[in-house]
Amino acid sequence: MSKITPYERKVYYYETDQMGVMHHSNYIRVFEEARIYYLDKAGMPFDVIEGMGLYMPTLELDCKYKHPLAFNETFHVEIRGEKFNGATLNLSYKVTNTNGDICAEGTSRHCFTDKNMKPVRIKRSHPDLYNAIAVHIEPSEKQ
Amino acid sequence: MSKITPYERKVYYYETDQMGVMHHSNYIRVFEEARIYYLDKAGMPFDVIEGMGLYMPTLELDCKYKHPLAFNETFHVEIRGEKFNGATLNLSYKVTNTNGDICAEGTSRHCFTDKNMKPVRIKRSHPDLYNAIAVHIEPSEKQ
Amino acid sequence: MSKITPYERKVYYYETDQMGVMHHSNYIRVFEEARIYYLDKAGMPFDVIEGMGLYMPTLELDCKYKHPLAFNETFHVEIRGEKFNGATLNLSYKVTNTNGDICAEGTSRHCFTDKNMKPVRIKRSHPDLYNAIAVHIEPSEKQ
Amino acid sequence: MSKITPYERKVYYYETDQMGVMHHSNYIRVFEEARIYYLDKAGMPFDVIEGMGLYMPTLELDCKYKHPLAFNETFHVEIRGEKFNGATLNLSYKVTNTNGDICAEGTSRHCFTDKNMKPVRIKRSHPDLYNAIAVHIEPSEKQ
């Protein structure tokens, strides 16, 4: 998803904790914001995906915290599609401040389900969505 | 709802902000926690209310902040049913610390709707729920 | 503060609740985001205000909920400075969706304190900050 | 930390999202709640640790989501101290519902710093705290 301008915003006051920096749980929320921003930019708004009767739950995630972010500090999030086989999607995230310092790095793994949380293989059921996602994953990255 | 033991918990770390106290938005969440706790104790678990096909959206709220709460500090929330006419329910909240200091006071107003957010007068549609709530409002407090 | 472009963003997924709309507590956070955005635009970044040794706690707030906001929906927040006497600052907020529907309206009242939460009259102690805020309040609105 | 009663609470309404389950970011907050609960029970209240001039930032975490938690559902969190060498502390978490289903499993890694975020080896600087933590880690688990 490298041709998409990185997601950018500032740290909100309510995201700080009494250490005076963005609370570590908020990076997980920022990953989600960036994920949805990239889907929007890639022509697959997440509200439209849910409108197709699909959910995209998070199966797994990790985050390494490298450098704190202060209140009102601007940060960027870059996402890479790491693997996609029509059933599960692996993404990686890099959060940087305006000095170029890496503040956090992480990954997440997702699947697609129907509204009863039953897994759906979208390659068959929603080929347009499958192709729209697949085109953003490097050839070597597809399973 | 005076016969019910006040709602109690400690301030979570992620609820603090860089002023070193519980962020003001979290009192609004605490009001909701206390509201649901009281409904549970009054024999009307909120998941059961929603299971009847009802929502109870917040129409209005206010909060006055009197005294900060620190991380890990225990607080209590007392709720009073102020007015209930089968369509809207007015509640008031008092948050105190273990010294008895009033930390915050507020009110909220709610209605009942169906799952399409269309208002429902539960006095007619759900008389059991109506009565269960009405019994917790003082006679002089009913509209 | 009418010459400043209204604050704008989309509803995040994690801000929705199981009613399928933005949770009511998040409007209080959005008020804060907008407040800090306006201070930034007015030349008084809030991190700079705190760098002067000041806090700006919330003394009181209210919110009326008129129309729900859905996930990924764009909203705007307009702020008006309602009253300012050097000790307390009253603000009002209007949240609208892209159809122009008013989604929520509210007010907040703030004071300035030192880092020990002792009230400070900034007219005397920080006249530049006082003037920068006062210029954004209509003459009739100053106490 | 196996002799300590597992941490327990219910899912709050504001923790649900429009999938109708607890949002995945909130498990990271629940890990923190449980961590602080265990430190309290182990005689090391986290506000006391911070009162010694220490912070305990999160360096890294991961979470695997196995089974969703619904609003008002009771869950338990068990923590194990996995590794502790006086500089970094590794913990693991297991979240279960009342049926005994594992809802989530995760780990976190922490260090101790002074209030300027400079790492501190507490074995030397705070031997009492070091011993209090070490006693809760199995012999084979100490580095």
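Read from first to last, the chains carry the letters A, B, C and D; within each, the first residue is number 1.
The rule is simple: a contact is a pair of C-beta atoms (placed from the backbone, for glycine too) under 8 Å apart; a residue touches a chain by one contact, two chains touch by 3 or more.
It should be emphasised that the depicted structure is a prediction, and the values quoted were computed from it without experimental measurement.
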{"item": "Chain whose mean Cα position lies farthest from chain B", "value": "A"}
{"item": "Interchain centroid distance [CA atoms averaged], chain B/chain C, Å", "value": "25"}
{"item": "Chain C and chain D, separation of their C-alpha mean positions in angstrom", "value": "35"}
{"item": "Length of the line joining the C-alpha centres of chain A and chain C, rounded to whole Å", "value": "29"}
{"item": "Numbers and ranges of chain B residues touching at least 2 other chains", "value": "13-14, 18-19, 25, 29, 32, 50, 71"}
{"item": "Pairwise touch network: line, ring, star, complete, or other", "value": "complete"}
{"item": "Complex interface listing, chain D residues touching chain B", "value": "12-14, 29, 32-33, 36, 40, 45-47, 50, 70-72"}
{"item": "Interface residues, chain D side, partner chain C - complex", "value": "13-14, 16-21, 23, 25, 71"}
{"item": "Complex interface listing, chain C residues touching chain B", "value": "18-19, 24-26, 28-29, 32, 50, 55, 57-65, 68, 117"}
